[in-house]
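Next come two complexes, and both contain chain A; in the first it sits with chain B, in the second with chain C.
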Partner chain A sequence: MTATVPTRADGRTVRRSSPGAARGPRRTGRIRRIGLPYLLLLPALLLELLVHLVPMVIGIVMSFKELTQFYIRDWGAAPWSGLDNYRMSVDFDAPVGKALLHSFFVTVGFTLLSVGLCWLLGTAAAVCMQDTFRGRSLLRALFLVPYALPVYAAVITWVFMFQHDNGLVNHVLHDQLHLTDKPSFWLIGDNSFWALLTVSVWKGWPFAFLIVMAGLQNIPRELYEAAALDGAGMRQQIRRITLPSLRPVNQVLILVLFLWTFNDFNTPYVLFGKAAPEAADLISVHIYQASFVTWNFGTGSAMSVLLLLFLLVVTGGYLLLTWRGRRASDV
Partner chain B sequence: MRSIRAAAVGAVTMSLALAASACGGGSSGGGSNDSPKTLTYWASNQGASIAVDKKVLQPELDKFEKQTGIKVKLEVVPWSDLLNRILTATTSGQGPDVLNIGNTWSASLQATGALLPWDAQHLDTIGGKDRFVDSALGSTGAEGQDPAAIPLYSMAYALYYNKEIFAAAGIDKPPATWDELVADGRKIKAKGASVLGAEGANVSENIHHVFVFAKQHGADFFTADGRPDFTAGNVVAAVKQYVDLMAKDKVIPTGDAEYAQNQSVSDFAKGEQAMLLWQSAAANLKSQGMSEDTYGIAPVPVRSGTPGTGTGINSMVAGINIAVFKNSDNLDGATEFVKFMTSDEEQTILNKAYTSIPPVRNAQEDAAFNTPANAVLRDTLTKSAAALPQVAAESQFETVVGTAVKELFADAAAGRAVTTDSVRAALEKAQQQMPAK
Partner chain C sequence: MSSFRSPMAPPRSFLWSRRIFLTLLTGFVLVPVYVMVSSSLKPLADVSGRFRWLPSGLTIRPYIDIWSTVPLAKYFVNSLIVAGAATVCSVVIAVFAAYAVSRYSFRGKRVFTVTVLSTQMFPGILFLLPLFLIYVNIGNATGIALFGSRGGLILTYLTFSLPFSIWMLIGYFDSVPRDLDEAALVDGCGPLGALFRVVVPAAVPGIVAVAVYAFMTAWGEVLFASVMTDETTRTLAVGLQGYSTLNDVYWNQIMAASLVVSVPVVAGFLLLQRYLVAGLTAGAVK
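Up next, the complex of A and B:
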């Protein structure tokens, strides 16, 4: 915080002096100066519109239409259905709404567990690797491999390992360690949730590790030295220095991990295919199935909009809370 | 100053270009004959791999180019992507000129209006309806409407059995009824081999089988006026009988519950499994190194009696149709190409390569389709095969019921009881997911 004050003061003096020097220029010159940044932003703005906003708006429009197989060829002609798609999605007594709610709860549980484990593993590994030792960079590189692998290649490998008959997981758990009395199914049935969680954490924690590692570099060594002189142990150092200093980093990290995990489509899709088992029916695949597999794009869009609203609320609430908390602690 | 102006000019130009290209997207509907010299063809994956398909099809496409001067751009689309690609093409209007579809999708795709209907006059340009066998024509769209597609390859399910395992277990002929199959299964298991393969997590395979079981129970998944009716007593009994092959009779190994990538074919080809229910598997087995004299082909078992109509149905009418995309910009060329692909000569060549049965009467005369192995398939197609329901919601039916069966297999594999009630509950849930109209 202290470091920003002089620059801000500098900036103010510079800004104050420059209009003074150019007092009384022609109007067009001022317009030009003010307009130029916007003009330069225009291509980016239009691209943003084209790539992000237009599809989003179309998606929202679609959610108010009855866009079934009879209309997809000429979907401008699909009849407006008002809020029917939404009503159907949130009617939790009817099968479609019930399935969506189930899928939502599965996703929330999955996301909380996955983000929590990713963060815990990432932070633990980063703290352990803070001190230099032989082979540290090798280990660091090794830890980042899951993050660097292409999703499809990595997950399909897990599919092979999770196979019932000749997968590695069953071979180790059942054949070698005799932990189960018969080989388990990992890709169908209830165990699929744990299979999905395993792959998700395996894939996600290196990112947490990377970010926390970067955050640790910014904590001054003197703090630890001073704490050590005052007799603080390792645990106290982590609790009183490391974690508070990592707060801003964690705030962003958790949010990003949450959004990624909640929206993850690739992992469940590659792991389970088009029809995910009920225990691992994540919302992104569920919506995909509601629209693509049953050819009802209106309902699918309505579900997507609901998901968008939910994520907006969560993100907004999270930012508001953490931001307030930070200001309060700063004061 | 000059560089700033250049940047401004650049920004304006780029913005204009972007705005223009954004407006230029999308195309008007309806076909035309704007590019008469080229065609794009999406072929389904019929051979053991996409490379095999290209090798089979390219010489024929070259022949077509020589005859007509029309160059055909071939793309072989894997099954996992084909329906999605067609849906995307339908939505955007940007698709191929000619394409292959699974014949069970005919009515669903017909409802989207993406495919060019073949009215009598249009059919005459390719030689008329009578060139094709009836069973194949029954899977080209909803009844009472002009066909949305033309039959290209026909296939039927058969029971493939490993002669060596049968001999070792002391079984002298393939089972003709399910009871016999279960009894044979005990002898086979006593010798340590696994009995029957299935693709429990493959939604389409599940549908093909429960459809046949339903027929054998005298049941239908849809009422006469096309409404879903999944919870009728005999439908439930039919689905239960199929799942019971794993849950109660234990002839399908529990591991097959998670199969979805034709692992059961590999198990059979490796000689680890005594029997396999599959459609026209010869080419596939050969490519996996199983020689033709090590296995036999028999009709799929029935509940009692012999295969025939009614409850003697023992296969779906499996097959591939060829269709013209309505938005094609070479409609005449596309029709010409369909005519070429369904000509007697091409039908013989292509169906030989894929070990399928030609849906064209004249081509069936060829000696290649009268070997004992193919005779079983041909007999099944003409005498005891039924078309899947030709209703607009067919594709949704495949998904929801196929998924229900997948979940039931998962229950069976996990050792949970599969009861009439649990089957009915699964089917009821599936029925509620069907579109309201």
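Up next, the complex of A and C:
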């Protein structure tokens, strides 16, 4: 043990002198040192460029073109159409714009409800499971199952449960509890919104649970002990220690949940297939249909750009608000 | 048990409401899982008629039939290749990038992290169409088949998990003491030697967590899989829908197939979830 301490001290002094030595004749070494971080970032950067950023730019360009199936092979040759695609998307009196606006409101309502419920369930469960009890780790594993299941496998099970004739939901609500006069349709009509919300919350809350649980582990135990000694009850401990400590975690969590839910395609696509019912017409599926079913890529791109702008504004506003809030609470 | 008499003992009312809440939540979580498992063992008559909680008889027939109704084995192999390759590439690339951000100060560092993270915000639908066109055009120009091939899907999926992986690993690498890799540098390791001999071994939980996340992302993706694959490269995400386009809906087979494709990810996730929580605690959630 004693022998290692002097070598480490030696090591520090050697290291301190090394940049000076490198500054001398070994130019290549210096270039390598400066270039290294960029070299390490290069693969990630190239891939993000190829798969995310370049397509995004192309998508924006495409939104100004009249791009139908005739121009797929050579999309550069498609004629420019100025703002026509945008005008069509936001003309709320015409069918296309009206449908888009409807889809937007459905998505906003769905997202707010889903994120709220996911967060509430996740936080409540994590707080309930903060201290140890018998069966806690088993329960924790169980709760994570919906998150671990592949989306299509989980959602297809819900499709089965929501079937009109042979599904579990109608069997319980109608046959067993007699709550409805006749079996309801869940995957078409107005009920489809609630079906989608149920599946989304079932699938999404374990993520909130996971993150909040991880956040709770960073709260020092002494805080609770001190509070308990000062006579703070359970409720006060949760209100005064747990929730404030979780604030930074929640700020990120809610933003991530919001973006994921708002952009969610997988759940509605597997639940309803290609044609989503009007009541559950989420915006991703709506744009997918507008592009691939009608083969009108230009209008689809314009809608995507509008969606991106909306998300940018919301995210920017959110970050501004929460950062300001965080700074204020730090002072 | 021992904490029961400590000053932190929760009041009785809390214990009761906790018990009720957790029981209800367990029910909510488990009912679909029960439906999946029990229906996969039912004869077809049980799943075609009115729903039954208990099967009239147990059969493993659906587990045999799923392989012949649709070419499930082929989809399985495709998914394994795509998700496996995407995971390995994504983790390696994320380790490099996170190491650079965590250990070096360089110009453009903030721009890089913000840009990479902001790609999480893009609606997949926005770059689906252009990416589709890019892959088709690259294929026409160079002969490298990205569209319809596994390679294109691997490339796409690995970028999906990359931002979150990099973000989480930066936090994790930051928590590995710098003295360790500085000592390795002094001992004559190059920067990469320090990364692989010191930093990576110290960050194994974080790396495992990232790998689990990357695999799950690739295994479960539906949108790009439905557009970017053809009959030979189809993955489970698309292939599983094959059971319901037939005239008869073999719900027992669908449930059996769902269970079979879920087992690898769920088992892996539950085995490794400890690492995920530890990784999140040290990295993302700090």
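FYI, the second predicted complex is superposed on the first by the 288 of 331 C-alpha atoms of A that agree within 3 Å, B and C clash if a C-alpha of one lies under 4 Å from a C-alpha of the other, contacts with A are read in each partner's own complex, and residues count from 1 in each chain.
The working rule: contacts are C-beta pairs under 8 Å (C-beta built on N, C-alpha and C of every residue); 3 or more make two chains touch, one makes a residue touch a chain.
These numbers were taken from a predicted model, which means no experiment stands behind them.
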Which of chain B and chain C A:112 touches, first, second, both or neither: neither
Touched partner set for A:83, first chain B, second chain C, both or neither: neither
Which of chain B and chain C A:243 touches, first, second, both or neither: neither
Touched partner set for A:319, first chain B, second chain C, both or neither: neither
First, second, both or neither for A:226, with chain B first and chain C second: neither
Chain B versus chain C as contact partner of A:139, first or second or both or neither: second
Touched partner set for A:120, first chain B, second chain C, both or neither: neither
Touching partner for A:36 - first (chain B), second (chain C), both, neither: both
Dominant toucher of chain A (residue count), chain B or chain C: C
Partner chain in contact with A:50 - chain B first, chain C second, else both or neither: both
Set of chain A residues, in rising order, touched by both chain B and chain C: 36, 40, 43, 47, 50, 54, 72-73, 75, 163, 165, 292
Touching residues (chain side chain A, partner chain C) in the complex: 8, 11, 14-15, 34, 36-38, 40-41, 43-45, 47-48, 50-56, 58-59, 62, 72-73, 75, 121, 124-125, 128-129, 131-132, 139-154, 156-161, 163, 165-168, 170-171, 175, 202, 206, 210-211, 213-215, 217-218, 224-225, 228-229, 233-234, 249, 252, 256, 259, 262-263, 265-266, 269-270, 283-284, 287-288, 291-292, 297, 300-301, 304-305, 307-308, 311-312, 315
Chain C - residues contacting chain A, complex: 3, 6-8, 10-11, 14, 18, 21-22, 25-26, 28-33, 35-36, 39, 47-51, 93-94, 96-97, 99-101, 103-104, 106, 109, 112, 115-116, 119-131, 133-134, 136-137, 140, 155-156, 158-159, 162-163, 166, 179, 182-183, 185-187, 191, 216, 219-223, 226-227, 236-237, 240-241, 244, 251, 254-255, 258-259, 261-262, 265-266, 269-270, 273, 276-277, 280-281, 284-286
Of chain B, residues touching chain A in the complex: 4, 7-8, 11-12, 14-15, 18-19, 22, 29, 84, 87, 90-91, 93, 108, 111-114, 200-201, 203, 254-255, 257-258, 260, 326, 392, 395-396, 399-400, 402-403, 406-407, 409-411, 413-414, 429, 432-433, 435, 437
Chain B contact footprint on chain A (complex, rising order): 36, 39-40, 42-43, 46-47, 49-50, 54, 68-70, 72-75, 94-96, 99, 163-165, 185, 187-190, 273-275, 277-278, 289, 292-296
